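Here come two complexes built around chain A, the first alongside chain B, the second alongside chain C.
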Partner chain A sequence: MSDTVGIVIVSHSRDIAKGTADMVRQMVGSEVRVAFCGGNPDGGLGTSVPSIIDAINDAWSAKGVAILVDLGGAETNSEMAVEMLEPARRDHVVVCNAPIVEGAVMAATEAAGGSTLAQVKAVAEELSAD
Partner chain B sequence: MSMQAETFKSLVKVAAEQVIASAPELTSLDQAIGDGDHGTNMKRGCEAVLGKLDAISAQPLDEALKMIGKTLVMTVGGASGPLYGSFFLAAGEALSHDKHLPEDLADVFGSAVNAVSARGRSHAGEKTMLDVLVPVLETLKTAAGAPDLIERVRATANEAVERTAPMQATKGRASFLGARSVGHIDPGARSSCVLVQAVCASLEGRQDNE
Partner chain C sequence: MLDKADGQIFSGNVRLIHAVGMHARPAVKLTKLAKKFQAQISVRVEGAAEWINAKSVAKIMAMRAAHGSTIEIKASGGSDAEAAVAALVKLIETDFPDEVS
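Right, the complex of A and B next:
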């Protein structure tokens, strides 16, 4: 399992993050490590840097981790979380510019085939190409 | 505690308390053109800073600023966490690299503003906190050493925040509203103004006592 890129889903809503992760698992089962988080540190709508860091570490794979986000704050907080990782991991985590549900499902499907982090990101971002 | 550490501690306390007191206003501004969480998010972050104030003010100034930044990053829960967090992290970083206060204030503030701009991939004119921070930076540069510097900074921040009202947002949630974002003060610009005013008030109080 550690031979596939891990997937992290970060939404403002824990329900959306969980639902997206459920859809991803329906496609790839346990072939890919999937972690999700949603909600601010008080549990309301928003995102939380410590939760994102935990999710990245949960989904960690030697091939790296691709993060899918919903709106602005999720992206900014995810970028911040990546910078706060230990240096050895920092360069192996990317935030994808892709719609969260479709992006996560396509990224995970690509990851399950053993693709590199760059390939997984590229496939997710094809959705935003036009 | 040294005079500088004591000044810093009371300054952080005043600034955090002012933001907390402004939370309802920030929320109502954010409800008009955003998701309405700016007040509660900033309040959560500032309460976390107040909770660690003794530990923060026991540090040298550069480390203290970085601790404030990291606390905001970890607790705010919206984009303003990394944005304000990056501001204080970069200010602390500048002081760790041969910059000193008060003589390098404009340089240190400039590094902090650049960090916000890089984090948000934004610049002045997009109806964001940068529309207060960038004019304040300009005043810090042009009026450096002036006897009325504090008064000029206050005036700059007050005028700058009002100038966000006619702007159309092109960054953040408010940009989804397009032209409908016009006519409202930007909540991030307002929270930046509150912070600047609180720091000015705290420093003025200090001067009056001397």
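Right, the complex of A and C next:
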């Protein structure tokens, strides 16, 4: 189980983040660790750096973690969360430039086969390649 | 249904009985299974111009194979090419059952 890249889903909406994570678990299976976060601490729309760090820790794998985000702030906060990790772990976390739902499903499918973090990111980003 | 083509290429054909064709969930199952084999595996809707890498979930989803279409599978390289074709034929033939493992 720890042999597969972990997936983190970051949305402004907790419902979207949770729904995306549910789709990944149902479609791909339980061999890939999936964590999600969404919404601000007051229960409104938004993303928060501490929640993203918690999600990265939940999904942590020695092979690394791929993060899927929705709009602007989700991306910048995710990048900030990655920068705040210990240097040794920082290089094992990437933010994917991909649509959140499709990217998460494809990244998890690739991860389930035991692929590297770079391969997982490339597959998620195939969708935005053209 | 399997026939040995020239050299080390193995191939098979199977009819897609899944009610809505090759949509997201079957595509994920097919890709995950394909990735368990070392061999290079390609699929296409019968007669289509291009072969698609069976290990690429994005491409398999995008092939939009319809219900009732015939899927051609070919595999080469690795010692498991023949087994890969057999496994994928079985997966499609049995309408993508949930994994037993």
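Going forward, the second predicted complex is superposed on the first by the 130 of 130 C-alpha atoms of A that agree within 3 Å, B and C clash if a C-alpha of one lies under 4 Å from a C-alpha of the other, contacts with A are read in each partner's own complex, and residues count from 1 in each chain.
Convention: a residue touches a chain if its C-beta (ideal position, glycine included) is under 8 Å from a C-beta of that chain, and two chains touch if they have at least 3 such contacts.
As the structure is a prediction and not an experimental result, all values here were calculated from the model.
In the superposition on chain A, A:Gly46 contacts chain B only, with no contact to chain C. Contact with chain C, but none with chain B, is seen for A:Glu126 once the two complexes are overlaid on the shared chain. In the superposed model, A:Val28 lies in contact with chain C only, and not with chain B.
More residues of chain A lie in touch with B than with the remaining chain of the pair chain B and chain C. Legend: residue contacts after superposition of the two complexes on their common chain; A:Leu71 is shown touching chain B, with no touch to chain C. Of the two partner chains placed by the overlay, only chain C lies in contact with A:Val105; chain B stays clear of it.
The contact sets of chain A with chain B and with chain C never meet. By the touch criterion given at the top, residues 24-25, 28, 31-32, 35-36, 55-59, 99 of chain C touch chain A in their complex. Within the complex formed with chain C, the residues of chain A that make contact are 27-29, 105-106, 109-110, 112-114, 123, 126-127. The part of chain A that touches chain B in the complex is made up of residues 40-42, 44-50, 71-73, 76-77, 79-80, 84. Residues of chain B touching chain A in their complex: 35, 37, 40-41, 44, 73-75, 77-79, 81-83, 85-86, 119-120, 172-173.
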